[in-house]
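Some structures are shown below for you to check.
The following pair of complexes shares a single chain, subunit A, combined with subunit B in the former and subunit C in the latter.
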Partner chain A sequence: MPQSSFIDIKNLSVGYTSRNGKIIPVLRDVNLSITRGDSIGLVGESGSGKSTLALAAMGYFKRGLHVISGQVQFDGIDMLNIERNALQRLRGGRLALIPQNSGQSLTPNLRIGQQISEALRLHGDLPATSFDVGVIDLLSQVRLPDPVGLTDRYPHELSGGQQQRVAIAMALASNPEALLLDEPTTGLDVTTQAHIMELLRDLAKDRNLAMLYVSHDLGAIARVCNKVMVMYAGETVLTGSAKQVLLSPRHPYAHGLLVSIPRLNEASLPQALDGRPPMPSETITGCAFADRCKLADQTCHKSPPPLNHLETGEAVRCFHHDQIGQLNQKTEKSARSNPTAADKGTALSLANLAVSYSQPGLLSKLFAPQDTPPSTVDRITIDIKKGETLGLVGESGSGKSTILKTIAGMVPAQSGNIILNQAERLDMMVEKRPAAHLRQVQIIFQNPDDSLNPRHTVAQVLAQPLRLYYGLSGTPLRDRSIDILEQVRLGEHYLERLPSQLSGGEKQRVAIARAFAADPEIILCDEVTSALDVSVQAAVLDLLDVLKRQDGTTYIFVSHDLAVVKAISDRVAVLYQGRICEIGPVAAVYSAPFHPYTDALLGAVLEPDPDVAPRLTADDVVELSPPKTGCPFQRRCPRKLGSICETDIPTAQEIAPGHVIHCHIPQLDL
Partner chain B sequence: MLIRRVLLGGVTVCIVSLIIFAGVEMLPGDACTQFLGEYQADEELLAQCRKDLDLNRPPIDRFAEWTQGAITGDLGLAADGTTKISTIVGDRLKNSLLLAFLAMAVGIPLALFLGVVSGLWRDRLPDIIASTLAIFAMTIPEFVSATLLILVLSVWLGWLPGIVLTSAAAPASEFFPEILLPMIVLSFVMCAHIMRMVRSSVIDVMASDYVQMATLKGVPYWQMVFRHALPNALLPAINVVALTIAWLLGGVVVIEVVFNYPGLGRLMIDSISDRNLPVVQSIALIVASVYVCVNLAADLLTMIANPKLRTMYMRK
Partner chain C sequence: MTVSSTSHQQEHGRFITVMKDILARPSGRIGLTLVLFHILLALLSPLIAPYDFKLQNSSLMLSPPSSEHWLGADHLGRDILSRTLMGGREALLVTGIATPLAVIWGGFIGILFGLVGGRVDEVLMRIVDAFLSLPWILKMLVLIVTFGTGIGVLIPTLTFFYGIPVIRVARAATHDIIARDFVWAAKARGHSRISIIWRELLPNVLDTLMVEGAMRWSWMLLAFSSLSFLGFGVSPPTPDWGLMISDARGFMSFAPWGVIAPVIGLSSLIIGINLSADALAKALGIDRAQKAPM
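This part shows the complex of A and B:
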């Protein structure tokens, strides 16, 4: 080794004591060493122990966890047996953390300036008089607009991207030598994420930092890390350079993870990684991954594989790492169902739909009737054919979920029509709709933890639509429930389980089963895979596709993930600030010519390939409300023509049949 | 927003007073039947009495007059037709306030302290002791704990007088030391409620991401507790404290009866059994107003103390 390691974790095992007194390990014999200038990506599904490992590098363990054995050293200092004062000086000093979900990691009652100057006071060598200057300097380093004004703000007044930048600024306050990043871009918009990744990349290079980057997002890892470590069930299963791991993974689990990611350059559905990781409390005799592995044989179930160090520099925990090539042949890409060729008519028409959340008070109605803010969603006209999947994409605040809620009757439309089956108008709010309409439109929400009643068993969840719409009870009810459960690939034995006894993917399957139990015409899917691990996401996408093929259901699929939308949709509408920018068949929207906003979104997507760099055209400013006149994207557009964009609503240019771009730029220049 | 809340509070008090008035009207009998004895009084005497007391006018007129009087602080005359209600109620209100303030002055700081301590040392000795005591305080009925304290502190040890003998009209200073025992019992009970609330709030906040972040930022423990954790943990306590204060001011009947303390609660009970309906009306009105005011104050305080709410109303 050319350099001695800076963060050095040796044979670390961490666990908690269960109720019956057993010690349950969540990290098992993990080794990790990071040198200066190195940035290591830590990858794995939720529950793989990656966050625990990152926090262990700071000598921190969540309540209930304790070290079973092993060592953690930072620049030669033993982090597990260190005096409290010295530990406090190191934490946030030489070793800084950028947390997951900055929105919750910033103290709500302290102003941004107070929180950053606290870091300066604790760790910096600045005199107290220059804290203010220091804070503003840090905020400008992370490229936040109006740093002076920001210091007086509270965390909740900032957007997610701004909060994340503040967290980065706070970590930089002490001039750290090592940075730990715990899923720092989860939940951010694609453009914001891409900008923050570029910022981190530059910082790491400029300051020769040692970086440990925890993420389940392989695209982000590919962008900032030069080495990758894959974890599974608390163990290291694969380490190698970013190129080795991401381009030709030597472990079946890493391989499975990579193929389960939907990609922009592929038209097919990603391949699901079946099964689920073992719970920490399960006893594992052989390889932890054997149950889910296509290469597994007798030996894999009998004895645990050692971590093999290969000549190429990789380390693999697999008996069959030389047979990975077979996985590619064994698995053919599951082709997505073709868009139903025969035109069976329109399932749902949205005609000039507008939605507004603002309810002007009496006073403003009387005194300034013209001063109403622009509608949140406006000019939405789409016909959705039977059996079609329409994808709605856009950043947060693009109005995509609002459109779904309006169709479902949870938000009233301001004007315009929603027409079901070319005849029935869905103008009423949900509580006034007749049961027949309710049955025909079902919705699946983003987070099954929130949408399933924690006290209802799966049987009770499924019984509700079956009783309500079909009057089933007794044995027919049970039979039908089992039938539906089997369709979502869950068996009869799931009937009596409570949501807390299900994994994330299983919960979402139950939510899907509930929607299908009504045998609806249209299913509204609101970010249904965003809360799931990639491997589970692939399985859920596949399930949705299979069910659609069986029942001919129509989907409206909302997601901020462009690759997911591409994988599942027949047609895509790109939304910005509640207005359609571009709509058309999937292949047409995802290839030139583009609306400038589509171009900005696609360019910002991070591919899990270290050789592909994102193109950042528009900046990631968050706009709170759409402009009053003209094009919705005018303020961020990198190709803005001039005043016409501010005054006139862009005309719809039909590029090809069904492919429409709303832009003032002439078709040939797009 | 603020104006709306105040107006709403006013409306609430109005509706409450209407309900009180209507309820009292609907009861069989009136001041005269009570005054003259329910069965012996002959019709002539009753009619004369009703004329004297002005009870023959329609209820709406009398309600309007009563409301007008109540707003200006004149609560009218008691059922005997001679004593001014404001004098009787005024003395009792003063006594109730005295007891309530003393109990708050001891109970609230103690509750906050114990809540924070048991939240920070969760499941350890200080928490176990404080939480167990709190459960006792909440589950044992007040009259039992009051009687026990009288038995121990006044009968056995003879440290404190077990019963209040001072007259209602006496100045505040004369209630010492008789007031101490009821105060101890009250602060014990209220302390338990607030403490449980503060404890769970502290535990939640200590498990939050921002406390973990502050720790990993290298903030020393006690600085983290005082700067990052407590300001957020104590926010939800404001409303519980407000409810407790309203409960204290509304007259704590049981305690007042056990200790023979001349407060509002006992006056209410006595007036009900005497059919002294004008007094009952007035007390109910006062209690309702206290509830509305205290809750309004709590909402206001929450709004000022919580940056999320504060910025919502100020930056716009």
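This part shows the complex of A and C:
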């Protein structure tokens, strides 16, 4: 290499000591070197050791972890044997970290200006008199609007994306030479994420930074990184340039990860990567990935493969890296079940549904009756056919979860109707609904860690609906539980386990099993895959599809991920600020003509392909409440016509049968 | 095998792991040993006490420790060792009954307040706060003066007053749990309020309640001894640490053994309970100090 490496990790092994005194490695013999101007993406499932490695680059190890062997050097400084004070000066100085959830890393009771000037005081070389200028300069560098006004604001007054930018500004305050990013955009909206990615990309180039980017999101990695390292079970399995790894991966694991990502340009379900990574405490004799690998043979199970350095500059830990091509033939895309053509009637009708969270007090009702804020959700009219999957997409605050909660009876509707099976009204709250209606609508939540009671065994979890709706107990209860578990591809031996003894994907399967135990007509899926690894996500999507085919269940599938929604849905509604922008069959919504908002969303999706750049049409300002009159998207719309958008509710234009766009722009111009 | 029996096995397994964890800690070993020692002593002391605790011997008045009377004698010439050995019985009996009762009623009300929430919860909690702002001894003395002393009054009184702070703790713990999706899921399925408390909330609040109960126990012991010290607890001649300290404090300058023995008895029990509670909290993983960032 022409340049000497700036961050240099050599043969690093990190582990913890188990209760019975054994040393259990979390990172095994990892090498990583980053030169200035390089930006390396670290990829892998949760538990692969990628965050541990990134933090090790700062000489930091989580409680309980210790270095078994190896070296970590930063610009020639030995980070493992450095004096504490010197290390402190380096961290946040020449070496800055941008963590996930930066909103939590900002102090809530200090103004933005104070926080950034503190960073300047600690690490910068500016004189104290020019801190104010420095702060404003930093805020404009991270492209925050109105930097002067922003210095007086508190963190909670900013949106998630703005908080993330402030965190980046703070990291830049010390003029760092290296930047470590740990899932910096996870939890942000697509448009916000795309904007932050562009910012990071430019910063890295302008400042010639050495960047280490940890993420499970291959789309984000493709956008900012020029090299990628794939980790599995604490080992490097593949390194190479972003193009090599993302476009023609030479390792079956990387291949599996890539095909498990749902993509916008494909209509089928992604291919699931079966199995799960070994736990750190398991002893591995051969290749760690052998159990999940379609190419594995005797050798793979017996001896561990070495890291082969190829002529192309890649390094791959696989005996069969020249046979990856076979995987493409072996994988046949599982075509998604088509909606049954025969019209079986409407499962659920939402008629002019409105929901409002604001509860005006008595005084404001008396004195300013007109001054009520606009409803959070308004004018939602959708008929969902039996056996259909309706996807609801939109950014956070688009009201998609509120709609689900209203259908489930957990949030009261302000006006409008919810009608089940064309006859029964579901307008009342859950406490007042008859038992028969309760059974017919079930909900699956985003995070299985949160939706399963940590004190209940799987048997107890499944017993809840079975006892409540069917009065089962004893042997029939147990038999039915096993039956349901087998449907979600878990066995009888899972019955006695607690959620803490299950992996993320298994937990979500249990949550799905619990919903199906009620044998419902409609299942409300609230971001059910967004807390899962991509490989697991594909399996969960596939399971949902299979179950739907068996039982003819109707899904309402809420997600912020447009590709996931495209993969699973028959029909999609795009929501902004609680109002429908566009609704129609999946193929129609995902192709022109678009509503300007749909266009902005689709343009911002980051594809795991370094050659594809996102199109950023609308800016990423987050609005807290919908406008009182006119089009909900008026304030961010790049194609706003004029005052008509501010005063009149856009008309519903039927582009094709069932495909409706709510916009003032004439159909032919959309 | 039914579902309920499997859940018992899980609970059983957890009990064993928690006990093992407690015993693996020095604080747990010392604390539990002290507590068990005191309970054993309270049960067996009538058999092992060398003298009758009521027996007065005027020739022994305020005599220092000797080979016959290891811990000396009090101002009425009664054997201090025998009285100290038996001095914890009443306290353990009363607090041993009142503590679980206080945790049960306080815990139930606290969970209910937490579940109901809203304005009702706010108003009721302000009443609880008002109650807590009064000095406890004042409130208790009012009741005891009205209804008289004796176990029949002390147990309900202690149960009532020591249940009130448990309400706060149980309510706060419930608030942490109630926003989680599994409670939402249970509500959405249409479970009754009782079922939600019993199945979803209680198992998750139970750990906090157990630790709180252990802490309340030591506070209650101190309160009981204080009442005895003031003459509102155990009536003479029944031996009790608080009463013994009160009786002997006048002679402390020349016969300190009369105070030292019951003080050691009382403090060793309270320290034992506190150490056990500490180990229990750590074993259950709800020790706040451990969660602090490095």
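Note that the second predicted complex is superposed on the first by the 669 of 670 C-alpha atoms of A that agree within 3 Å, B and C clash if a C-alpha of one lies under 4 Å from a C-alpha of the other, contacts with A are read in each partner's own complex, and residues count from 1 in each chain.
Following the convention adopted for this analysis, a contact is a pair of C-beta atoms (placed from the backbone, for glycine too) under 8 Å apart; a residue touches a chain by one contact, two chains touch by 3 or more.
Not measured: the values here are computed from a predicted model.
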Query raised in the report: Which term applies to subunit B and subunit C once both are placed on subunit A by superposition, clash or fit?
Result: clash
Requested in this report: Would you sort A:Asp202 into first (subunit B), second (subunit C), both or neither based on which partner it touches?
Outcome: neither
Report task. Give one of first, second, both or neither to describe whether A:Thr107 is in contact with subunit B, with subunit C, with both, or with none. Result -> first
Report task. May I ask you to decide whether A:Leu90 touches subunit B, subunit C, both, or neither, giving the answer as first, second, both or neither? Result -> first
Report task. Please work out whether A:Glu654 is in contact with subunit B alone, subunit C alone, both, or neither, and reply first, second, both or neither. Result -> neither
Requested in this report: Check whether A:Glu282 is in contact with subunit B, with subunit C, with both or with neither, and answer first, second, both or neither.
Outcome: neither
Query - First, second, both or neither for A:Arg63, with subunit B first and subunit C second - result: both
Query raised in the report: Looking at the overlay, does A:Glu266 come into contact with subunit B only (first), subunit C only (second), both, or neither?
Result: neither
Requested in this report: Could you look at A:Asp483 and tell me whether it touches subunit B, subunit C, both or neither (first, second, both, neither)?
Outcome: neither
Query - Against subunit C, colliding segment of subunit B, chosen among 98-106, 134-142, 170-178 or 296-304 - result: 134-142
Query raised in the report: If you lay the two complexes on top of each other, which residues of subunit A touch subunit B in one and subunit C in the other?
Result: 63
Query raised in the report: For subunit B, which residues count as touching subunit A in their complex?
Result: 207-210, 212-220, 227-228, 231-232, 306-308, 311, 315
Report summary line: Note: in the complex, subunit C contacts subunit A through residues 1-3, 6-7, 9-10, 180-182, 184-191, 199-200, 203-204, 294
Requested in this report: Spell out the part of subunit A that touches subunit C in their complex, as residue ranges.
Outcome: 63, 408-410, 430-431, 433, 435, 438, 441-443, 445-447, 450-457, 459-460, 463-465, 468-469, 473-475, 477-478, 481, 495-496, 498, 514, 518
Requested in this report: Would you pull the subunit A residues touching subunit B in the complex into a rising list?
Outcome: 55, 58, 60, 62-63, 85, 88-93, 96-97, 99-101, 104-110, 118-119, 122-123, 154, 156-157, 167, 170, 174
